[in-house]
Amino acid sequence: MSEYRPVDPRESPRFAGIKTFMRLPHIKTTKGVDIAIVGVPFDTGASYRVGARFGPEAIRSVSALLRHHNEVLDVSIFDHCSVVDYGDLPVNPGYIEDSYKMIEDGIQPILDGDVIPILLGGDHSVTLPELRAMAKKHGTVAIIHFDSHSDTGDKRFGRKFTHGTPFRRAVEEELIMVENSIQVGMRGSIYSRDSLNDARKLGFDLITTVEVQKQGIDTLIQRIHDRVGDVKAFVSFDIDFVDPAYAPGTGTPEVGGFTSSEALRIVRGLKGLNLIGFDLVEVLPQYDPSQITALLAANIVYEFMSLIALRKKLESAE
Amino acid sequence: MSEYRPVDPRESPRFAGIKTFMRLPHIKTTKGVDIAIVGVPFDTGASYRVGARFGPEAIRSVSALLRHHNEVLDVSIFDHCSVVDYGDLPVNPGYIEDSYKMIEDGIQPILDGDVIPILLGGDHSVTLPELRAMAKKHGTVAIIHFDSHSDTGDKRFGRKFTHGTPFRRAVEEELIMVENSIQVGMRGSIYSRDSLNDARKLGFDLITTVEVQKQGIDTLIQRIHDRVGDVKAFVSFDIDFVDPAYAPGTGTPEVGGFTSSEALRIVRGLKGLNLIGFDLVEVLPQYDPSQITALLAANIVYEFMSLIALRKKLESAE
Amino acid sequence: MSEYRPVDPRESPRFAGIKTFMRLPHIKTTKGVDIAIVGVPFDTGASYRVGARFGPEAIRSVSALLRHHNEVLDVSIFDHCSVVDYGDLPVNPGYIEDSYKMIEDGIQPILDGDVIPILLGGDHSVTLPELRAMAKKHGTVAIIHFDSHSDTGDKRFGRKFTHGTPFRRAVEEELIMVENSIQVGMRGSIYSRDSLNDARKLGFDLITTVEVQKQGIDTLIQRIHDRVGDVKAFVSFDIDFVDPAYAPGTGTPEVGGFTSSEALRIVRGLKGLNLIGFDLVEVLPQYDPSQITALLAANIVYEFMSLIALRKKLESAE
Amino acid sequence: MSEYRPVDPRESPRFAGIKTFMRLPHIKTTKGVDIAIVGVPFDTGASYRVGARFGPEAIRSVSALLRHHNEVLDVSIFDHCSVVDYGDLPVNPGYIEDSYKMIEDGIQPILDGDVIPILLGGDHSVTLPELRAMAKKHGTVAIIHFDSHSDTGDKRFGRKFTHGTPFRRAVEEELIMVENSIQVGMRGSIYSRDSLNDARKLGFDLITTVEVQKQGIDTLIQRIHDRVGDVKAFVSFDIDFVDPAYAPGTGTPEVGGFTSSEALRIVRGLKGLNLIGFDLVEVLPQYDPSQITALLAANIVYEFMSLIALRKKLESAE
Amino acid sequence: MSEYRPVDPRESPRFAGIKTFMRLPHIKTTKGVDIAIVGVPFDTGASYRVGARFGPEAIRSVSALLRHHNEVLDVSIFDHCSVVDYGDLPVNPGYIEDSYKMIEDGIQPILDGDVIPILLGGDHSVTLPELRAMAKKHGTVAIIHFDSHSDTGDKRFGRKFTHGTPFRRAVEEELIMVENSIQVGMRGSIYSRDSLNDARKLGFDLITTVEVQKQGIDTLIQRIHDRVGDVKAFVSFDIDFVDPAYAPGTGTPEVGGFTSSEALRIVRGLKGLNLIGFDLVEVLPQYDPSQITALLAANIVYEFMSLIALRKKLESAE
Amino acid sequence: MSEYRPVDPRESPRFAGIKTFMRLPHIKTTKGVDIAIVGVPFDTGASYRVGARFGPEAIRSVSALLRHHNEVLDVSIFDHCSVVDYGDLPVNPGYIEDSYKMIEDGIQPILDGDVIPILLGGDHSVTLPELRAMAKKHGTVAIIHFDSHSDTGDKRFGRKFTHGTPFRRAVEEELIMVENSIQVGMRGSIYSRDSLNDARKLGFDLITTVEVQKQGIDTLIQRIHDRVGDVKAFVSFDIDFVDPAYAPGTGTPEVGGFTSSEALRIVRGLKGLNLIGFDLVEVLPQYDPSQITALLAANIVYEFMSLIALRKKLESAE
């Protein structure tokens, strides 16, 4: 039995209580902790709609609907993992570089405590300081990136840091093992013929949504496993990977995307990989009147937790 | 030509008039009636979001869009069935057991008049008194239950009656032929490994959403027919069977669900069964800003009516 | 300097962090505490719209906008008071009498610790168990009741406990000093000519909205002070006291009400009274798309805190 | 005791049942009827936003909150009046002149039955056929017109019939006693300096919102009584008379308007006049997410009913 | 490089600037123009919900998200086409026949300038005057019609022109080559068994949604190409072709529809055809709180532009 | 007759056409122009809610409702002024100092052309670069600042530029004549007792909302005129000056504010002053579901234009 686990929904109604993720204890500690849920309420990097700063609150709110056992992966998360809601990292809204420093510094004690962070954005610009912190702890890591955009743009209006550039910067800063990294789900109109090839030139394996739809999800999962292998990997999931029908509450939606069933199946397909960190970004509650985007995000975070728990379960069974 | 039929949309604009279901006559009678649409505006059994008490009104409102002929099943409903909107059953909000009595008593004259009821919830707790009334009239009946949850929980906070427990209670009260009953569509996180097995131990055949997605809809339809056979069956459809993208307006949504096309195809697959009652529950209009949940619910009710009309059509053709 | 005070908005952005009231520490203690903010997420007593169970969460969320100093009353709350967010009391949704017991029991340790509770509903039915707890601690207390309804109805559908009956029950149960109690703001259509007179017959002084609008707010404030005098008083504020333009997110709104300016002025007018408890009820977030109702509620709670702090400030200055 | 009266909210919960106005009987008769609530779901005359065709449904829905006794006017409506919900008049959406004929013809049997109609729009273009029917029955009548626009425009895009022209047309068609008629509440930007003077040249007394705000409501009420005197009068109330804060759900809102308290006070000020018909127009539910506009409209209709009941009460007391 | 092209999103943030389609120049010219985006803000033909007059504005707003290169069709639109936003055609709201004349006349100079129009509705009634203009320029053309309704109704309430009748009228007026025309996607309840057959009797090839779902999209695309061949074709796309989950913001939604991926794939399947005009109709922003309907519409318009650009690219490559 | 004037709403329906302010010509020129409407879609300075970048679009959209003549001030704007919609200034989202430079540079040609700018924010941080540009052209100017906050904070999280600091910075940078400047409307909780006094120490005259409510609007208007006198003055209007009931769509709302009537009366009270520039900031459309905030903002801009036109009218009459 893990040290920290959520309030049991059978003991207290799910709408009650302070809204931490799954109503986990809100403790800023790493002691006795396997997984930390961490908010990164920063959206100054956004290029179109804004409001992802309220994303962590929205995801926490509906996460109250989640229960302890993952039936598909057959794992009871809290039998294997002690989990806390670590709260939100400090940020300075309006100032990207200040915030990058605060985010990187904020993650460090979590990693130093050998805790796996699951970070709730915030816009996608937050992944860069996350990766800086990961690299400091783990050295370069592989990236498994689910998104409708490759986010490998270069400067915009003369500036290097926006939510459209983190993965180019991560390569330039040598934070990631690009030869083991993969980008999945790109679609929609692009700036020029070179846009996706630029990502490939940086070294990423890149698969568009249309390609996944043609080849099937099993093929995709195999391709991810082949690419990543046994190296430490960080999963970055932009909610706009999913179609706007399933995730309307996001900043730069692209039609023609995945269903929630497909998204869950793909994430569950990561089982067995050596995953050392996760983020889930770009949830904008003001465009999510029925909370379905936040609910899907909470479920994907739940699958992330399940992947870790499953690995622990299997290890302890060996 | 049936005695009671809707206002013809070609004769009066669909947005006009008092909003009964399909603008059917609102008459509290069973004389000359084959099908009664009956509201059950009760939501005191809900564990998370509330507001299903406004479900019947919302479904009636958009049902004005429905027309008389079902092209897929090839049946003109009102050529074969006389249908009324019976109005809403009395309930006592805040008091489950009082309301259970009122609902059970309220249905009885409908059944005594040999009218097939299609009941619009309300939350899923209303199915228990419905089944009590059905059993009094018909003896035990088979249940065909579409839902993302099995609703076979036991007590919650020490109480037996909530929207999470009706099917366990129905088995305990010996209202249903559990060996002919089937639960379809369960998914999402569950309380413990035993949650779904508990439903199976009660005697239900239970198929999860993931299993249906693997095996296909034709297999599912065959499995339902095999299970139910010729016995009298009651259909209980929780709108959260469908994915939140298609049905955001519900109380405890679960991502990774069915599309509206799949749901319609499955319901149409019930044709030929001996269906003696229906309910459609858990529509919450306050979470349904574009009315798509209510519209889907109205269409499923429409398919229920079509199934009855089709059976009458085929019987009269013999 | 008080022991417990909020996160300083100048040190952490107001949208960040776990959403307790004003981002106060969430500690379930009474030690070193003057005021406890306490959620009572219960709405089973509601007669029309439901959803006040999400009221405490909504009020907490937007309370992040509040700052430490009350300029009009000239008091810095946390210079004089130590305040915690005590979390939510346990309730059993769907079961009023169970929940009444849980609420009464839940408040008791707060009162025993000599902490002033400010309770966030929930529907107005929660005031009865609150008053039961207050009476157990303090003996009978005066009630200052702001509302568009007098909530002194008798049974509804044969049942004694709903959100329309708590003040009749409180008189019957001899929980309150009715001769020092006052009801302010009644308006809108009523069941019969006797409805308001019934409240008066129970012993309340009752002033309608139309009367207040004629006589002016200064007169009202004087009348409240005259009525209540020096006895211990409990303030119950139903957000529907205010006009629906200012508070759309409520269950049984009545047009023709007060503005937010008027409401604040009236509440500030309570200064000097011996206030030993407060509640703020009937906030329904699903009808509050721009959060203005929750924001007004948070501000009224803020004025409640200020009234207590001001009294402490003046006492300590003597 | 009147023949037709609403379902008693103390006997059936207000959210239950088919949504007629106040849950009155829906009977298309004039026998034994004093007042008929009549929907006119027509919005083809609208110049900016559209959707008033759903106005009657929205007003009916929330009218369930109304109770039987008007405390301010001290009258129990249904002690003096028998009231039905007559349903909606037939209209042909997209065709103004067709619909004008249908509306005029539809009202005639109501007037022939000596029933006072209270008509729920629809956009303001519906007042012209209403006045045609009134004139046929009563001869010319005075108009008491509450609105932020005078609606005395001439042709628009070459056409005579829109929601901006009914009162000019009514003068031209000699349907009204313009020398006894009054327009109240005009405000906002206008097409040219002559716009309001044109209305005055047609013979109307016209008072702007700014003038009312300067002179006070008592003065306004006196001016209306002086103008109208004892002649038969028809009241036309455009919900945009009220400020958008109180009535956001309307087609051509004008800021700087009246509060709901002021509007109620003005309408109640009509007591004693010889009112033979009413309409309430321009409620657009799609712009009214919290239903406050529809609720205010329902309350104004309620005051209309009360004015009639009060006159009957006083007559019978003589 | 084309004469007229959008503001580059890499040079000016996409939320900035006057909202023309894709932030194209708003110039009412045909000189040096290949494609004109043209609004037709007319919704007087609508039978149920209204508000499509705001459709062009909503589509333009969110079209700012589109970028220059179509990755799937591999074409950079503005390398091959000069495109302008021509603004909106004049219409007379409330008057269908007047507006038909204005729309027909408004399109004529565009066609006379040999510019391909892409028209943004408006309700589907606007297609008739569009086809009148097309026929005047091109003679009869084939129609490729995507919709959940065949819109081949006859008179409604005695009138010939509504959004349910344009394609019958087009056949009667001999505007189209019906033997080369095809209607795709019909579904949902219909008025009578004959409803779809009537369309077929008029000469259309008609494929229901259920048939497409059975046969697959490749088969559909082949069938369209076989039917249309080399003749000039006009594409009319009603957004309700897509399921309400993907396009909630529409006037007469039908559940059980296509996904956005399927819709895009089908539209891209038109490549190679001789397309001389397009419309996209029935977007109602008031039912589209997250703008997903408008975004999908903008993307379909984008595919239309891409089809033209691709044809030009291939022609110039020959 | 002025050179540039809006499309006449009597000639083209108000919902039609590209949405510039009042459907004025969108021309980036100063030649023959008296007033330029200029968007400043920048919201990186916001401390709580974000989204004011979409403010200019929202205000332009609903400004279509405005007509040419101001009845209260008795001036036909376009008889005296030539007005253009200049479009939006370039900004770099996420980078305040870059954007400050772009805004300042962007305004300069407007001022150099002797055109009066009316700037549509954006958050309140944009006022600083506006004032820098004004000072470069005009030397120091008086400020008339309507707001619920004084926005004279010092650094936040170590940074000098946010939407809470522009007026302190303006004093420090010696851009304004503080001894002729006035701040009106401050209210709500504040950080410390010194917060408002700090503004006064900087030299501002500052009047709180509560003070205005006590003293009356006529007194306020006189006080503004006395303070400002004949010097050149810039008006900065934060929409949160108004109560959230009237302006829900804003970033940091404060309850207890002004009505729309009061706001209009105050703005009209500025007539006669020597006003050389204006801004209207902090409109956030995502919190404004019925567009009432944007409508009020558009009307205040309309009053600004009227003040200029009135001055020209009176000057030309001399």
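Letters A, B, C, D, E and F mark the chains in the order given here, with residues in each chain numbered from 1 onward.
Throughout what follows, contacts are C-beta pairs under 8 Å (C-beta built on N, C-alpha and C of every residue); 3 or more make two chains touch, one makes a residue touch a chain.
Bear in mind the structure is a predicted one, so any value in this text is a computation, not a measurement.
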item: Chain labels contacting subunit B and also subunit C; value: A, D
item: Homomeric contact subunit B-subunit E: same or different residue positions, threshold half; value: different
item: Recurring contact interface, reference B-C, options E-F, B-E or A-F [over half identical by residue number]; value: A-F
item: Where subunit B and subunit D are represented by their mean Cα positions, the distance between them in whole Å; value: 41
item: Distance between chain centroids, defined by C-alpha means - subunit D, subunit F (Å); value: 38
item: Junction residues of subunit B, two or more chains touched; value: 13, 15, 47, 49, 53-54, 92-93, 157, 243, 245, 259, 287, 289
item: Touch relationships between chains, expressed as pairs; value: A-B, A-C, A-E, A-F, B-C, B-D, B-E, C-D, C-F, D-E, D-F, E-F
item: Partner subunit C, residues of subunit A touching it in the complex; value: 12-13, 15-20, 26, 39, 41, 53-54, 57, 60-61, 85, 87-88, 90-93, 289
item: Contacting residues of subunit D [partner subunit C, same complex]; value: 9-11, 13-15, 64-72, 74, 76, 243, 245-246, 259-261, 264, 289-292, 295-296, 299, 302
item: Contacting residues of subunit C [partner subunit D, same complex]; value: 47-49, 156-157, 186-193, 195-196, 208-210, 213, 243-245, 248-249, 252-253, 255-257, 259, 287-289
item: Contacting residues of subunit B [partner subunit C, same complex]; value: 43-47, 49-51, 53-54, 92-96, 98, 157-159, 161-162, 286-287
